[in-house]
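Across the two complexes that follow, subunit A remains constant while its partner is subunit B and subsequently subunit C.
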Partner chain A sequence: MTLSMNTPDFLIERNRERCINCQVCVRQCANEAHGWDAEEEKIFSQDALCVNCHRCVTMCPTHSLSIRKFPLEFRENANWTASTMKAIYKQAETGGILLTGMGTDRPYPVYWDQLLLNASQVTNPSIDPLREPMELKTFLGRKPEQLRVINGKLAEALPPQLELDLPIMFSAMSFGSISLNVAKSLAQAAETLGTFYNTGEGGLHEDLYKYGKNTIVQVASGRFGVHSEYLNAGAAIEIKIGQGAKPGIGGHLPGEKVGVEVSRTRMIPEQSDAISPAPHHDIYSIEDLTQLIFSLKEATNYEKPVIVKIAAVHNVSAIASGIARAGADIIAIDGFRGGTGAAPLRTRDSVGIPIELALAAVDSRLREEGIRNQVSLVVGGSIRNSTDIIKAIALGADAVYVASSALLALGCHMCQKCYTGKCNWGIATQRPELVKRLNPEIGAERATNLLKAWEHEVKEILGGMGINAIESLCGNRLMLRGIGLSDRELNILGVLAAGE
Partner chain B sequence: MLREGDVRIPSGCAISGIINRSGQVFSGEDILQSIALMHDRSNGLGGGFAAYGIYPEYEDYYAFHLYYEGAEGREQTESYLNYFFHVAESGEIPTKKTRSIKNPPLAWRYFVRPKPSYLLEEENEDEFVVRSVMYINAECKGAFVVSSGKNMGAFKGVGYPEDIGEYFCLDKYHGYSWTAHGRFPTNTPGWWGGAHPFTLLDWSIVHNGEISSYGANRRFLEMYGYKLSMQTDTEAITYAFDYLVRKQQLPMDVAIATLAAPFWRDIERMNSEKRALLKAVRAMYGNLLMNGPFSIILGSSQGLIALNDRLKLRSMVAATKGEFLYLASEESAIREVCPQPEKVWAPRGGEPVIATLEKRGVQGYDTEYEYAGLSY
Partner chain C sequence: MIVLNAKGLYYRELNSKIREEIATGSQDIVVKNVNGQRYIGDGITGKARLTLKGTPGNDMAAFMNGLELFVEGNTQDSIGNTMNNGKIVVHGSSGDTVGYAMRGGEIYIRGNGGYRVGIHMKEYQETIPAIVLGGKAGDFLGEYMAGGVIVVLGLDLEESEEIVGSYCGTGMHGGVMYIRGEVDGYKLGKEVKVVALTEKDHEQINRYVKDYVGYFGGSYEDILAKPFSKLIPYNKRPYGNLYCGW
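Let's turn to the complex of A and B:
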């Protein structure tokens, strides 16, 4: 074996005066960055194994640990940066595709941060959410062309709708990529909040059937765990065409994460890699999508709305228009900053477009075609806080999907190593000793807290705008102004510049 | 400076309305007197009136009121009207020199009916007229359709409402229903088309308030072919009623429940049929909910409807005496013309006051609400 040129990414610093050699860090680190030298009776650390997940730092009873960026510097070069060079060393050593987890960390523009919100002054009053009702109820599903009312009664019921108490849902994360305790946490939180979580493509574990009315079941290209009982267990069905973090390719669950529970749920052999095909092999074009949508509707007696989820790519608005016409009830769009349990680094960092632009383009296109009101629009792909949500809805979304934020609420520290299955926080792992670190009751409480906090903030800001129902924000781009954007970008976003 | 339509201008206002439910006509003096009392609620930058029943001799013809800023727009408009319509009569709208009225546009009126051969398949006369109004406003230079309904007309301009009324000699007209508006825009380049009422067919709206949901309302309506050339809330409200009642064929009370929707907490307490209906209405037409302060008086050949936003963020008072219903931003503006009303009340937020013209009978607003009884 030749010499490895890879150097550590992080430096573990231990304050020896504080350390009491209790070995908590040794037991906590699944990456084995900390070890116990029995002869020397001393803890040692291996920087190269550290992923900077802060588990040891958080658990250390004497606060003796800290992690820093490894201080080794290359000769300065704006073109050949350290990460670019290290990637080459890695690939030269392994001959493999570079893998990563979570959403892209590259410094692409975040358009949410370049949009500013409006507030009422003088000519109309702002509304105080502590004193007046502030309504966030949202319906997702197909709307007919006309509502028929005869003798003061609704003559024909609406097609099936998802009723959300707040316009935020947990987006797809499969059991397999995440632990059962994460799924339990989010399912419980969705039930408490009056919203929905999404199974991802991993099937539905038998312990989760009881959350059916708050569940969106996903059908992806691998069809893992898809059967009639599964389809009928949820409130809606989502066909996953693409994912923002890795448009154009399918999911990849390494065999190490396929234990007995995952194997039973996905209906695949234990320890086998679960590799979803890049396309659905029964969808090679838009007309095939119609057939799948209606097969699923047939299988569920037309009682459940069907969502079609796509990644935000260059011609997303034309694709979305086709999906609306193909019979989808809800279109979900996932932006390129969205997270993932495992993705090729180069795909994650270079394929797709930001959700803000995709959303604005799709909403405008559907309106130009006069069909926006027929379908609902849900967007995800890095919704980080309550104002991202408000801006998304003002640009034209009906609701948002959040996943990375939900995982952060459960303890994720964005170390981007989900694909190793060694998540020290018990999130992206199937190892029982790690999974049990996440208590699903506490997880549910933290996820609920996060969305409740956002709900309060959304209400506060809506009131400031003089709006007391979320539907008056939907597509209301006059509530937005752009800052530091080019004319072209403002044009695509359909917003005026600040000061206009 | 950009003129109204190219830029959005928020404004506050005074409104007033009087109807005789049995259809007896009366002169414009009462409405003039009522709106004049609320002088301080406007700032001289806009005033206007809608009058119903003023053209009985042409009651089957669409009465087009037009303003022209120059000869070119008039030529364009008249050649359009002559081509597509049978014009029964046309002429300048009579005006009187009034000291405080500056730079008025040319005001003309035409009594017309579309030539049947130009109607599209399955298109009725109303739809053709709507298309024509959109066309003239968008394409004919300096021309603006002030009103286009049958046996009704709008008179509006830049100035205090009492001066506009004097300028158009409204004391000489007799109608069964009148509405008036005095405007307090935050800025205006002084364009006559920008004043209220806003009209389409025989709908007319006078409105006080600024709607926070305008952006959402506007983009929804644009999907269905409405061109919101004025960028005003009033225009959005007019088109919303037109869309819901004429195009979607919903009963008036459902249209009202769309614009000033009941709160979810109240819907949850309703009986199951009503709950199902209102849930569907909010899910389907949520983008037409008018959010933020407004009080409006919606006039049509069938009567008057007054409505407040659901939080009641703008003042509005109603009163009755005999066959008359009075509506105004302030009670004093009612007592000015009707010192001893039988009933006076402030309608609650989201609860309409509906006065249906009796001679219209069941063809009225097709609503379960009793005349003026709902909020009493």
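Let's turn to the complex of A and C:
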């Protein structure tokens, strides 16, 4: 074997004065960055194996550990940065496609942070949500052109709608990419909160059927675990065309992660690779998409809204218009900062566009074409806090999808190593000894807490704007002003500059 | 036996009639004048037998779970899409993507199949789905195939016709294909190889050919007189070594 030119990414620092040799770190680290030398009776560490997930730091009873960026200075070069060079060393050594996890970590602009919200002063009074009613209820689905009322009753049945107590849902994560305890946590939280979680392309585990009314079941290109009972178990069906972290490509769940439970749920043999092809092989056009939408509606007796999820790409507004016309009830758009269990690094970091621009473009286009009522819009791809949500709704979304934030609530530390299956927080793993580190009841409570906190914040800021129902904010871009943006960007976002 | 007339009916109306009949316990339903109506048998669980006279439209038997559909005519694209269980017998030819991602049940087609027949077919525990084509298949036969059995008989082909198209078995990582006669090496995807047949393979082939002859006629002996090629994937994990961790 030739010499490896890879140097560690992180440095493990152990304060030997504090360390009591309890070996907690040794047992906690699935990456085996800590070890116990029985002969020397000493703890040792291997920096090269550390992924900086903070599990040991958090668990160490004497706070002896800290992790730092490995203090190795490459010759300064703005073009050939350390990470650019390290990527070449890795590929020269392996010949492999670089694989990573979570959303892009590149310093692209985050437009949420360049949008400012309005508040009432003098002319219209602000509302105090602690004392006055504030409505966050949201209905997702196709809205008819008109309502006809006969004798106080609707003359025609409404198309199926999803009813959300707050405009936040947990977006698709498959059992296989995440552990069953994560799915259980989110399902329970969705039930408590009156919202929905999403199976991703992982099928529906038997323990989760009881959460059916809070479940969105996904149909993706691999069709794993998709059968009529599954389709009928959820409240809505999502056709996954694309994902923000890896637009245009499929996914492979490696055989190591396909244990008994994943195998049963996906209905594939144990240890076999689960390959999701890049396209659905029955969808090569908008007409074909119509066919799948209605195939699913037929299979579920037209009782469930059908969501079509796409990644935010260059001509997203034209695609969204096609999807609305194809008969989807809801369009979900995933921005390029969205997370993933595994994606090729180069795709994750360079393909797709920010959700803020995609959302504004799609909402404007659907309005121009007079078909905005035909679909609800749900956006995801890095919603990090309550103001991201408010800004998304003001730009035109009906609701948002969150996933990375939900995982952070459960303990994720953004180490981006989800694809290894060795998540020390019991999230992106199928290893039983790691999975049990996440207690689903505590997980549910933490996810619920996060969304409850955001709910309060959303209400407070809405009240500040003098708005008492979230629906009145949808597409209300006058509530937004841009800061530090070019005219072109302001134009696409459809907002005025701060001060205008 | 219940007879329904599909003439002039939109698919939604026709399918809801079929559903009603099945829900009331009808076990033998004949549908006359089928003319392009989509989604027949879509998502239905049950044991009923449907005889469809005419040409059903796309996505027939999608997500179907147990019904038996006998088609007296040709079928269009995507029949048996993600089918879980049941049977489809087509007394004619079928369009593209026959049995996409099907996980159980059997599809017999008297004539030809279009492109991407058996794409991403799967198997699970004891359920091993099968597609049997009497004629030829288009390009991408068994693409991404992860399980199940595909049999192509190549009966009554013209001199100029070939039994399978190009890219046969591209991305295949499970299951088996039996092609009657030889397949030119250049037509195979790089993930598949041709291997010798075992006793068990012959038993399987005999069984499918017997059923084929049972549905459509022909000579069992004549069909079996020509040797079959067996195609399987090189590897259950064709893309296992594609990546390196960042």
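To be clear about the criterion, the second predicted complex is superposed on the first by the 500 of 500 C-alpha atoms of A that agree within 3 Å, B and C clash if a C-alpha of one lies under 4 Å from a C-alpha of the other, contacts with A are read in each partner's own complex, and residues count from 1 in each chain.
FYI, a contact is a pair of C-beta atoms (placed from the backbone, for glycine too) under 8 Å apart; a residue touches a chain by one contact, two chains touch by 3 or more.
Fair warning: this is a prediction, and the values are worked out from it, not measured in the lab.
Look at subunit A after the overlay: subunit B and subunit C fit there side by side. Of the two partner chains placed by superposition, A:190 touches none, neither subunit B nor subunit C.
In the superposed pair of complexes, A:226 makes contact with subunit C only, with no contact to subunit B. When the two structures are aligned on the shared chain, A:295 is found in touch with subunit C, with no touch to subunit B. Of the two partner chains, subunit B is the only one that A:475 touches; subunit C does not reach it. In the superposition on chain A, contact is made by A:367 with subunit B only, not with subunit C. Shared-chain residue A:153: touches subunit B; no touch with subunit C.
Legend: residue contacts after superposition of the two complexes on their common chain; A:137 is shown touching subunit B, with no touch to subunit C. Shortest separation of subunit B and subunit C in the overlay equals 25 Å (C-alpha atoms, whole Å).
Shared contact residues of subunit A with subunit B and subunit C: none. By the touch criterion given at the top, residues 120, 123-125, 127, 132-133, 135, 137, 139, 141, 143-144, 146-147, 149, 152-154, 157-158, 161, 367, 370, 372-373, 394, 465-469, 471-479 of subunit A touch subunit B in their complex. Interface residues of subunit B facing subunit A in the complex, by the touch rule stated above, are 8, 10-12, 186, 209-217, 219-220, 222-224, 248-251, 253-254, 261, 263-265, 273, 276-277, 279-287, 289-293, 311, 313, 368. Listed in rising order, the residues of subunit C touching subunit A in the complex are 11-12, 15, 19, 38-39, 42-45, 58-59, 62-65, 77-78, 81-82, 84, 97, 100-101, 103, 116, 119-120, 122-124, 143-144, 146-147, 171, 173-174, 236-246. Remark: subunit A residues 87, 90-91, 93-100, 221-223, 226-229, 231-232, 252, 254-255, 267-269, 272-273, 275, 277, 281-282, 291-292, 294-296, 298-301, 344-345, 416-417, 419-420 touch subunit C in the complex.
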